[in-house]
Structures are given as C-alpha cells and as structure tokens.
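First, the structure itself, so that you have it in front of you.
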Amino acid sequence: MFKFLRRQAVPAFSLAAVLLTIFTPDAAFAADQLNSGDTAWIITATALVLFMTLPGLALFYGGLVRSRNVLSVLMHCVAIACLMSVLWLIIGYSLSFTDGAGANDLIGGLSRMFLAGVGTEALSGTIPENVFFSFQMTFAIITPALMVGAYVERIKFSAVLILSSLWLIVVYAPVTHWVWGGGWLAQMGVMDFAGGLVVHATAGISSLVIVKALGARHGFPNDVAPPHNPGMVAMGACMLWVGWFGFNGGSALAANGGAGMALTVTHIAAATASLVWMLIEWKKYGKPSLVGLVTGTIAGLATITPASGFVGPIGALIIGVAAGLVCFKMVQIVKTAWKLDDSLDVFAVHGVGGSLGTILVAFLCAPMFGGLGLPDGKTMFDALGVQALGLAATVAWSAIATFILVKITAGLTGGIRVREDDELEGLDITNHGETAYRLD
Amino acid sequence: MKFVMAVIKPHKLDAVREALAATGVEGMTVSEVKGYGRQRGQTEIYRGAEYQVHFLPKVKIEIAVTDDKAAEVVEAIKGAANTGKIGDGKVFVYDLDSAVRIRTGEQDNDAL
Amino acid sequence: MFKFLRRQAVPAFSLAAVLLTIFTPDAAFAADQLNSGDTAWIITATALVLFMTLPGLALFYGGLVRSRNVLSVLMHCVAIACLMSVLWLIIGYSLSFTDGAGANDLIGGLSRMFLAGVGTEALSGTIPENVFFSFQMTFAIITPALMVGAYVERIKFSAVLILSSLWLIVVYAPVTHWVWGGGWLAQMGVMDFAGGLVVHATAGISSLVIVKALGARHGFPNDVAPPHNPGMVAMGACMLWVGWFGFNGGSALAANGGAGMALTVTHIAAATASLVWMLIEWKKYGKPSLVGLVTGTIAGLATITPASGFVGPIGALIIGVAAGLVCFKMVQIVKTAWKLDDSLDVFAVHGVGGSLGTILVAFLCAPMFGGLGLPDGKTMFDALGVQALGLAATVAWSAIATFILVKITAGLTGGIRVREDDELEGLDITNHGETAYRLD
Amino acid sequence: MFKFLRRQAVPAFSLAAVLLTIFTPDAAFAADQLNSGDTAWIITATALVLFMTLPGLALFYGGLVRSRNVLSVLMHCVAIACLMSVLWLIIGYSLSFTDGAGANDLIGGLSRMFLAGVGTEALSGTIPENVFFSFQMTFAIITPALMVGAYVERIKFSAVLILSSLWLIVVYAPVTHWVWGGGWLAQMGVMDFAGGLVVHATAGISSLVIVKALGARHGFPNDVAPPHNPGMVAMGACMLWVGWFGFNGGSALAANGGAGMALTVTHIAAATASLVWMLIEWKKYGKPSLVGLVTGTIAGLATITPASGFVGPIGALIIGVAAGLVCFKMVQIVKTAWKLDDSLDVFAVHGVGGSLGTILVAFLCAPMFGGLGLPDGKTMFDALGVQALGLAATVAWSAIATFILVKITAGLTGGIRVREDDELEGLDITNHGETAYRLD
Amino acid sequence: MKFVMAVIKPHKLDAVREALAATGVEGMTVSEVKGYGRQRGQTEIYRGAEYQVHFLPKVKIEIAVTDDKAAEVVEAIKGAANTGKIGDGKVFVYDLDSAVRIRTGEQDNDAL
Amino acid sequence: MKFVMAVIKPHKLDAVREALAATGVEGMTVSEVKGYGRQRGQTEIYRGAEYQVHFLPKVKIEIAVTDDKAAEVVEAIKGAANTGKIGDGKVFVYDLDSAVRIRTGEQDNDAL
C-alpha cells in the first residue's frame, strides 16, 4: 500500500513489493515473475514521461519567454535531459534505489552504479529492472528541468549544467531515497505517489533559492516582455497533460485498476484546476486567457501528483479546486509581495501545488472522499503528521543544499548570471549563436 | 509626385485598400509595424501579472502618387480608416523626386 | 461481435462482453478477470485519444484560421476538454453506459454519477472500469471539440462553453447509449466500431445547424483569409493520425488481433484517402497542397472509423478511395452550392466521412472484401437497413436537438456571435487579451 | 538470439522465433499463443514509430530549411508516409517477410500481397501478424523519408514520389529480406537489431547518390540560408527521440527485459552523443548550439540502432561517444572536402552512424563491455566479418540500385530538379501553392 | 543626399545586394513588405476554396546615398531586380536632409 | 515638419523610446528591419557549416516632428542608441509636407 514499497527496487524488498502491488484478484501471478502487460505499460509510461520534458516542458517554457531567448530555454531542457540521464546511469539510480547499508535511512549505496549487474533478466516487482531504471530516469530528467522556469533569460548555460548536475546528486537522489527508496520517510509511511515531494516540492523550493541568488530579469517587475508565443505554451501544456498519464499512471508500476484510478484522478484534477483558473481570470480581469487556462492545468497536475494513487474522483475534484485557487494566489504573492522573479512560476505552481497535494492527501485518501483509505491502524492525524514532517524535511534540505550548490556553481563559473548586454541582446544569439525565427 | 505614408489599424487594411482602389490608385506597399501614440499601448495580463505592451500592432501603407491625386488619396484613407477611436493613426505626405518601374524602366508619373 | 456489447460497461453485460472480446485461442482467461496486457493497451489508447485533441485537433484547426484567432481556437479546444471531462464524471458516463431501466432503449441511468461505486477493482470486460471510463471520456472530449471547426473566428467564448455542455448531455450521451450503451440501436445490432455515428455524424450534422444559426464569417465566401500556418495544420493532422490508432485500435478494448486489424485498416484508409485528395488537387489545380493532403488524411480516418473493426485491408483501400472522392466533393458543395461557412469543413469531412463509412461497412464487412463477416443469419441487406436507420436517427436527433440548444445558448449569452469589430480585430485580443506571435 | 529470427514472420520459423524471444523465466507461455502484453507494447511501438515520421522527422527537417521551403519538406514526409504504406500493403511486406522459395536468399515471395490470408487470428511470434505488419510498415515509411534531408529545396515533388516508390521495392524490401526476413545475411547471423543496415545505411548511402545526381542548392556552399526555425528542429528531434523507444524497444517484439534493455541503451547513447556534440562545438566555436545538440541526439540514436538489442549500458556510452565524434567529423568532410550538398546530413548522420554501430556491435556485444554476448561458438572476429560483409553488401546494393533508379526517375519526370527560378522563389508556393507563415 | 527606396521581389534580394555592393554602397536597410500593383495578388487554393491574396510578399530596400551616386544606385537596382515579369517592383527617390551615424556622430555624407 | 527615420539595435528600442518620451515626442512608428552596413552581417554556425548572415536584425523608428524639435529628437536617439560598437545604426531626416490625424482630421503640427 505504501508508495515506497512500490517504488523500491532493492531485491530484498521485491517480494513484498510485488505482493503489495498486485491488485488483481488472481494471486496466481507470483512474485519474481515478469508480467508482460505491466511491462508494456511501464515502457510506454517511460516514453510518455520523457515526452513531458522533450518537448512538452521545453515548449511550455519556451513559449513563455521572449523570442530572443526561446532557443536557450529549449537548449536548457534538452541538455539537462542528456546530462541527467548519464548521471542517473553513473550514480543517481544507485544512490536513490539501492540499499545504503548503515546510511540507508538517508541515502542508497553504490552497488548499481552503471547499472552493474542488471541484465535483461533482473526484475523489479513484475517488470524488468532496466524498465524501472528508465522510468525513474525520466523523473530525474524532468525535475531539474522544471527549475529552468525560474532562471530563464539571464543565466549562464554553464551554470545550468553544473548546478543541475550537483543538484541531482545532492538534492534529488537523497530525497528520492528517503521517500521511494526505503529511506527514513518511506519507513514512516509517507504518501507520495508520483512525486509531490520528490519532484515538485524539491524543484519548487530550490527555484526560489536560485532566483534569490540570481536576481530578477532586467525590467522586472514592470517592464518584462510578455510571452512571445502562447500557442507554443498551450502545445507544451497539452503534451505535459498527456505525458502526465505516464507520470502518475505509471507510478502504479502495473497495468491495473490502481493505474487506471491514478490516471482518472489525474485527469479530473487537471481539468478542474484549469476551469477554476479560467473562471478566476474571467471574473478578475474580464477575459479568460489561454496561458491562464493551461497554467491551471499544470497546477492541477502538480497538486494531484502525490495523491494520485490514494484518492478517488471526488478527491480529485477537491484537489483541482484547491490547486486553482491556491496556485493562482501564490503566483501573485511571489511576484508582487515577495518581488521575486521566479520567472515562469515554478515555485507558485509546482512547489506550492506539490506541497498542497502532499498535505491534502492525508485527508482525501479517506473513504468518505472516495479515497482508497489509510493502512490499518493509521489515523488521519498520524498521516498528516508524517506528511507534514516529510514536507518540512524536503523543503529544508532542498533549500539549504541548493543555497550551497548555487554558491559552488557561482564559484566555478565566475558568477551564474550573463552580462547585462548579453541579457538584453538575448541568450539565443549571445550564448548559442542561433536565431529562433527567420520567417522571410 | 508625392509619397503618402499612412499608419492605420490592421483590421482597417481591407477597407482602405478598397477605398484606394476606388480612387484609381494602382499600387501600394504595406508593412506590419508597431505604433506608439496617444493610445499608450495596452496591458496584457498573463498569470495575473500585468505586462505593459508599449507598442500596438499597426499597418503602414505607402503609396506614390501624382501630385494632383495626393489630396484625394489622403481623403480616401482618412475616410476608410476612421473609427473615431484613439489609435486610428496618421497620414504623412512628402515630396517624391522620381519613380521608376523596374520591369519596363518607365519613369516618374508613368511608373506609378 | 457486436460493437455495443464490446463497449457496454453495465455489469449485467460484462460476462458476455468478455467472452465476446476474447480473440485469443486460450479460453483460460476467464470472465471478470483483469488482463494486464489489455489494460496496458487501453490506458495507452486513452493517452493517444487525449493527444488527438490536446494538442492534435487544436493545432490542426489553429493553423487553418488567421493568426489573430489562433489562440481562441486553441482555447476552445482546451476549455472544451476540461469542461467535458468534468461533465463526463458528473453525469455523462452514467447516462451513456449504465442501465437506464425503463428508459434504457433511449438513455442510461444515474447510478454511476461521479463514478459512484467504481473503485480500483471494478472491471469492464478484461480492463478496469476506471480505464474504460477514461477511454470513453476522451471520446466525449473530442466530439464537441470537432465542432469548433464550424464556428471559429466569430463565436463568443461563453457560447462555446454553454453549447458544448448542453450538447454533451442532450446529443452525445443519448446517441452513445443507443449505439454503445445497450440502447435501441445496439439491440438492433448497428455496427459502429469507433464512432462513425456517435462521434462524426453527430458532430458533423450539428456543425451545419450551428453554422446556419451563427452566420458566415465577415468576407465569406470571397474574402476570407487563407490558413495562417499550414505547417501547424500538418503537425496537428499527424498527431491526429497517430492518436487515431488509439481511437480505433483502442475500441477493440483489448490488445489482440482485432485491435491490430483495426489499426491496420485505419492506417491504410488514411494513407489512401490522402493520396486520392492529393491526386484530385494535382489534376484539378495543377498543384497538390499540404493542406489538401492532410485533409484527405482526416477524411480517410473519419470514414474508416465506424468500419475499422469489421473490414479488412481491401475494404480499407476502398474506403480510402471513397473518402477522398466524396469528402473532396462535399467540401465544394457545402461552401459553393449551399453557401454555408462551415469554416473548417466539419460537416464535409467528419459528418460525411462518418456517414459514408457507416453505410459502406454494411458491404465491406463481407468476407469477399476481406471483411470479418456479418453475424450468423444476417444478410447484407439486413445490415444496410440497420445502418441506414441508425444514421437517419442520429442525424435527425442531432439536428433537432442542436437547433434547440443553439437557441437556448443564444438566449443565455445574448446572441452567440461576437460584435463585428471584435471579429475584425480578432478573437485573441478581444476575447482573451492575448497576442499569438510576438517574434521581435 | 539472432535478430533475423526475431523479425521473421514466415510461419515456418515462428515456433523458433517465439521460443527465442521469450525472456521470461516462465516457459508456460507456449508457442503460437498471443501474449496481450507483448501485443500492447508492439501496437504502442507502432504508434511511436509512426510518430517519429509524422510529425517528428517532418519537423526536424522542416525547421532546417528556409521558410519558403518548409511546407514542401512536410509534404514530402507526409506523402511518402502515405505512399509507402499502400505499397507496403500491396507488395513490400510480402517481398520482405515471406518465404521467397528458390530466391529466398535474396528476396521474399508474393504470398502476402495485400495481406492475403492474414486475418485477426494469424500470429507472428506472440503478437498478431497484422501488428507485426504495421510495426514493420512504420519502418518502411521512415526509411525513404530519411532521404528527404538530402534533396530538400530543389527537387520536383513528382520525382520524390516516384523515386521513393521504386526505392522501397528495389532497395528497401530486398535488404530487409536479407537481414530480417530470412535471407542470406540473416542466415549468416548478421546482427542488426533495429535497422543500422536496413534503415540507416541504405538511406544514408542512397542519399549521397541522389545528391550527386541532383546537384547542390543554389548558393552552396557559401551562401545557403541557415535553418529558419531551430526550435522546430529541436521539437522534431525530441519527438524522434521519444519515438525511437518504439523503434528500438519495439524491435524486441515483446514487452520484456530485452525491450527494456534496448530502450535503456538507446536512451543512454542518445544522451551521450548529444553531450559530445555539444562539447565539440563549445570547444571549437565557443558556443554550443541547439541544432548541434539535437543533431548529436540523432547521431547517437542512429548509431545505437543496430546494436540496441545486443549491448549493455557501458556499450551504449561508448557508442554515444563514438557517434558524436565520428558523425560530427563526417558532416564537415561531406560538405567541405567532398563538396556534396547532402543538405541535412543524411549520409553523415544516418549513413555513417548506422554503419558505425553495425561494426561496433561486433565488439560491444561482448560481456566484457556489459553486452549480451555472442551466440555459442562465435568469436568476435566471426561476428566482425559478418557485420562488415553485411555492410559492404548493403552499401553496394543501395548505391548501384539507387543510381539506376535516379536515372529512371529523371527519365519519367523530365529531370528531377525544379527550374532555377522555382528554386529561388521557393518550393512552397511554386510546387504546392501555399505560404507557410502568414502571421499578420 | 538622396534616399532611394525600392520594392523588389524577395528572391532578388541577394542579386540586388551584390549589385549595390559593386557600386560601392556600404549600407542599406531591408524589410519585408507586402505589395499590391498591376500584379493583382495571387490566388491560393485551400481545400478547393479560392482565397484571394491581395498582397504579395515583397522586399523593401532603403539606401541613403550621396547625390552623385543616386542615379547609379537606381540603375544597379533596376538591373539586378529585373525579371521582365509583372510584379518586379519600383524604385523611388527623394531628398534627404541630413544623416547621422549614431556610433561616431559623423554627419551627412560622412555618415553614409 | 520633419520626418526622422532611425535604424538602431533592437535591444536599444526601450532606451530610445524613453529618451524620446523625455523630449516630449508623443508618437512614433516602429518596425523590424534587417540592416547591412560596416558591420558586415554575422556568421552563424550550424552543424559546423558557416552560414553567412548578410543582414542583421535592426529596428527602424519613424517619427514625424515639428521643425524646431527635429534636432533635439536626433540628439535623443543618438544618445540613447549609442553603444560605441559597430552596427549602432543611423538617423536620417527629411522634409515632411503634411500630416493628418485620422481620428480627428487635425492637420500638420496639430496632428503630431
């Protein structure tokens, strides 16, 4: 029932994992046996989650910046995808999902570096371990890529690469181990189905820290250019939505009713939050905008993420409404009250959404909201306590570690920010020597 | 010869083209521009943040005409482009020294 | 063998459904048992069909309008997707697929509102019922979204939302129940594998009715602006094509040779119709165009849809040729002879294509065309009669109901059409406050 | 273990094929039985590979040309997809995958023309034969479409259609039969998991031959216009990457650890080659570009393709590095030293990449590089010999046949090149009567 | 000083640029415009419907030159842009009062 | 009246707009152009091949002003657009015959 068991790839846990993940009435599928249907779905889910970043997120973010920086945003996303993949193979996966022996509460071990010992036969639950590795890799890709939204239009490309790499090892891998890899939060039974803590809270908080160090874009807040291509934003958001079926549905690690429910609630929360955002804009500004609508979509998706394996459709509606209301408000607060140029609202949408869902799941998993229920002997308050603790720990570690990593990166790159005239001229031509649109 | 240059609202282009055709103007050159004037740009709101868009989309029309036709052309543009609302645009006229039709080499008035 | 049994989600029918859908020689897969392979495929198909609308159809339509309206078209598609999803959860699914007791011939019941009683264990055939729900939801999304093509560039956004919502309940849900939910047409054995009647005929006819009430765009027919971005049109069409594998292949509700044949014939019909359209243009206008080629693709896809589970490859070639010829001709007729501004040809392509396929399947399912055959004791004429009756009923109900719904919508919105100067200035800025391309 | 057995669709071989493809410990899945999980995955893979061409490759290539030719490039890709599909049904599949009796070493027979005799029950291994047919069809689509990159911006559309059609029958089908259909190379045990020879080497070499006959674009080499839309290039590359999971992972023809490993190594090679290309550019030109980064991606993907079922993660890293280094160098050599206007580098990226991988797999399949090992009794040298022979034969046949086919095409079309003023004005308007961007 | 403004066919831009370089012109400004003239637009056909495209893509070239060079520049453009087909475009010339190079502050003839 | 036309670097547009506003200029028209001058284009490298980009993106500003204001306007542009680097652009001035505000029909100086 607990997420961490389901994610766990350490052989020692796999029997339990398999038993726990089987939702079919038929117990004849025994442990340690490959299920080709589950495998088919998780391979597909892997493709879907990769599609979220490449090109979904890249387009979503690319459309929001001004045209002279769009290529740099795409470049950030693609290069991060490449670099994180290699690092995941080298060490990220092993640190996240193997047994860390004495340090196992905090971090995994090194036994799976370079996927050592994982051939075609190794299983993780009912699917090949290499599929589990790849599926998780796509999460390790998108999480640092989410942070691109915070620092667009003014950061050095070298800083992006260095900071993302360090962050994967120092923030992402440990938190993943805590929550999904058998670490201390997993042992406490924290509920994070598909990454409210692991993905959205870590990326959201870290974004704020980076923005603080990096400073605002020239002209912020009154004279920043509006999104150069809202259609590209919407296209990216649609791809994120579709891909999120793999993100949340795939996190069931099986093709069954659990996966089906995860994608159902994911979809409903996304739809609801979109409509809520649209209505707020309509009421407040007189016109509902496309960028607003799809920002609501992403807010709904981020918020349902930790809850998607635990709540039912009614819970999804509630989460959708909450996501729309809260994230909308937070976007204003970050920019207007806190005056932080978290340029594409990574914190307000992902950080806040993921955190909100992490807390709400403690309530909404209750059968009275159509949820799938808490494990025997657990009360809602127990659950809330664990969720809050998990959130606090994730936030604290992400903030502190990112603060230090930014300093290190700044040291290595001679400052993480580009020169002002490069910023004004645009990163596409100054950092990458390319021009985005040549439509003559 | 005169050169008439007008800046108008984009969705008035068709009306202006027709009005000009009615005066017998046989050629013009059009381009997309951005304008700034009394109509102080507009505000677009994305995710609740207000973006100041200083320049609004306009269309620029350039027409070379014979001296005697200039006034009529200006009138035609004024008539067709007017909505009475701010941002309707302006018409400018200046002297043209010479004109050549590239295809035939015709000169000046013959080239218009 | 009959489609309605295959779609049917009412528990009472599920045993039969399962037995009938099993194409494998191995009868050991008994009723009421989850098949993870089937589930994997239908989850994937759900993602593919969502992808058809978001962003496939949105881009396909968006590229065809002028640039000052492209965002409004995307907005229509995304907002419809959100709103229909929520309505589907609240009531649409229940009305379509549950037993309507005394009224069951015409409409389903309310027992599945909010997916009541559907947990992770409930099955529909060999797949979880929540997966069946979600798969069908993507059909309920795309059908009203298809109609966007009829009213672009001049409709009020509020009218889009109200009309689509009413239409889902009053037109889509009943017809779905008739054909796939155990209603009267299902009982007569009408053949509509993936929505020739349910999706394309309903949307096509309703589009004409809306256009009639709404009036033509300013400048129609001689002075309408040409497609602003044919590349976007082609991109959307490609996504529709790929997604249609889920639409038709997924309608087998299993991962088997039936699904495989459905996708094979779908692909062949699409390819053939594209080539036919291209050749007609080449002959008639001297140049084959990209927009023409991919319009042929969509015509082929719409036309094969009702037939895709019943015909073989030869049938697909014939349907492809017929789709290209007939739909091409109808595009001219609607615009030139009828002088109706069905702006993006929803009727001529979807309405006519879906109807054509619905009739052709009566012949082409015959083994002599490589089809899968009619059920025992049925003749081609029996089948043709049922198909024609189904088509007539669907057309009649869609037309009458939509006529009334448009009136209601006009009453609620103070007229469904925007003011003329808003139309001229473009819906993007006037209705949504956004600008599509800012490429400076 | 041998690829050719796995691809083989001839009934006579299917028992062996099934036995060989089962990687699950459970031998209870007997021969000739449909596996719904495998089927689910291969249907999905079919959609993914179609997605690679439509719209992936179309966008990748479309963004690289100048804006006045972008629609013609999309048109080439879509029209080729349509035409090849129909030809594949008519004769291509049969020639490739059936038993050619006396000529079987060189070419298959005609027994499966129009998919004769293939209903919903026919199996190919553990999946329906119609799924195998469709999966292979997507390969037959993308291979001629790859060659579009060689002749863009100056070829007649009619020549594209004729040449591609002839090429499918004369080059693609025979080589496919040799390698995957039980022909002479298959019998020798050549290793080509997903198309290093069949797809990339054939297309790459043939491209050079076409370019030689067609001549360079006006202005080449000093005054050709740069890519008009690098963001479109990146979007297409991302779609290719995601779709390649289906290309290589699907080539396992099962949802198992073999498929999982194939996609893992595919991903790692792509990521690595991208980074290598980026670093070379950074070092050499001072700026890493987006177009360069994603060109590296494609180079990595093409290079791992033949090897993807035989090597492990370490092998993938090595292949990624080799792909980046070698393909980068070859791009310069073709354009600068050979002065050939292989406009979008089909030879340097696909031809060279596919060939490189074909050779490297002989070494990297060794267990010492984490590979899956050679069959018993084979040495690395044996393998290298077969691979080199296979490559030589493929190159020779592709070159000679294409040379003749170009002559025939030129004869039929009155020269394959457009008039110079059509080239200057752009193919979009002159050949297709359309304008790509109308953003006013 | 004179200001020469020419409207030409887009694919003639390279030829004109080279011809101008040959006359010693060191700077010019180019923009994409749409033109309307004897060549009455074109018809594009989408899905069988004819769309009247009133304005065709053209390129506008602006060159400030010294008085003595103006004629030569006009000739160069005429020569390079001519295809003999309708729609070749036109060249217009008018007086320029003053010119300044922003970087150096150089004035008039020195600024060209 | 004078017509001032300036070609500047795109990222200097905001600075120039502000400088002009400071001089009391109330309207201007802006367009995207491509420029060719001492700054001989640039080289972009794609896949190792060098592409000669002859024309660089520039912004063109057009401002109709009263005679007495022309010099001040030129100075404002010069001041704000100057980076001291090649490619900074140029300012051209010529005579304007007449101007009309379309909305009101105001003429000449009143129309600016």
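To keep things simple, chains are lettered A, B, C, D, E and F as they appear, and every chain counts its residues starting from 1.
Throughout what follows, contacts are C-beta pairs under 8 Å (C-beta built on N, C-alpha and C of every residue); 3 or more make two chains touch, one makes a residue touch a chain.
Because the structure is a prediction, the values reported are computed rather than measured.
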Lowest number of touching-chain links that must be crossed from chain A to chain F: 1
Common touching chains of chain F and chain C: A, B, D, E
Distance from chain D to chain B - Cα centre to Cα centre, in angstrom: 52
Gap in Å, rounded to a whole number, between the CA centres of chain F and chain B: 18
Multi-partner residues of chain E (at least 2 other chains): 10, 14, 31-32, 44-46, 53, 83, 94-95
Shared-contact residues (touching 2 or more other chains) in chain D: 35-38, 40-41, 44, 223, 225-227, 230, 255, 285, 287, 289, 291, 433-437, 439-440
Complex contact set, residues of chain F against chain E: 2, 6-8, 31-38, 54-55, 58, 60, 74, 77-78, 81-95
Chain D residues touching chain C - in the complex, by the definition given at the top: 33-41, 43-44, 46-47, 50-51, 54-55, 58-59, 62, 70-71, 74-75, 78-79, 81-83, 85-86, 89, 114-115, 119-123, 127-131, 133-134, 137, 157, 255, 431-440
Chain F to chain A touching residues, read off their complex: 10-11, 14, 44-46, 53, 57, 83
Footprint of chain F on chain D - complex, ascending: 64, 221-227, 230, 281, 284-285, 287, 289, 291-292, 295, 328, 331-332, 335, 345
Residue numbers on chain F that touch chain B, as the complex places them: 3, 14, 17, 26-31, 64, 94-103, 105, 111
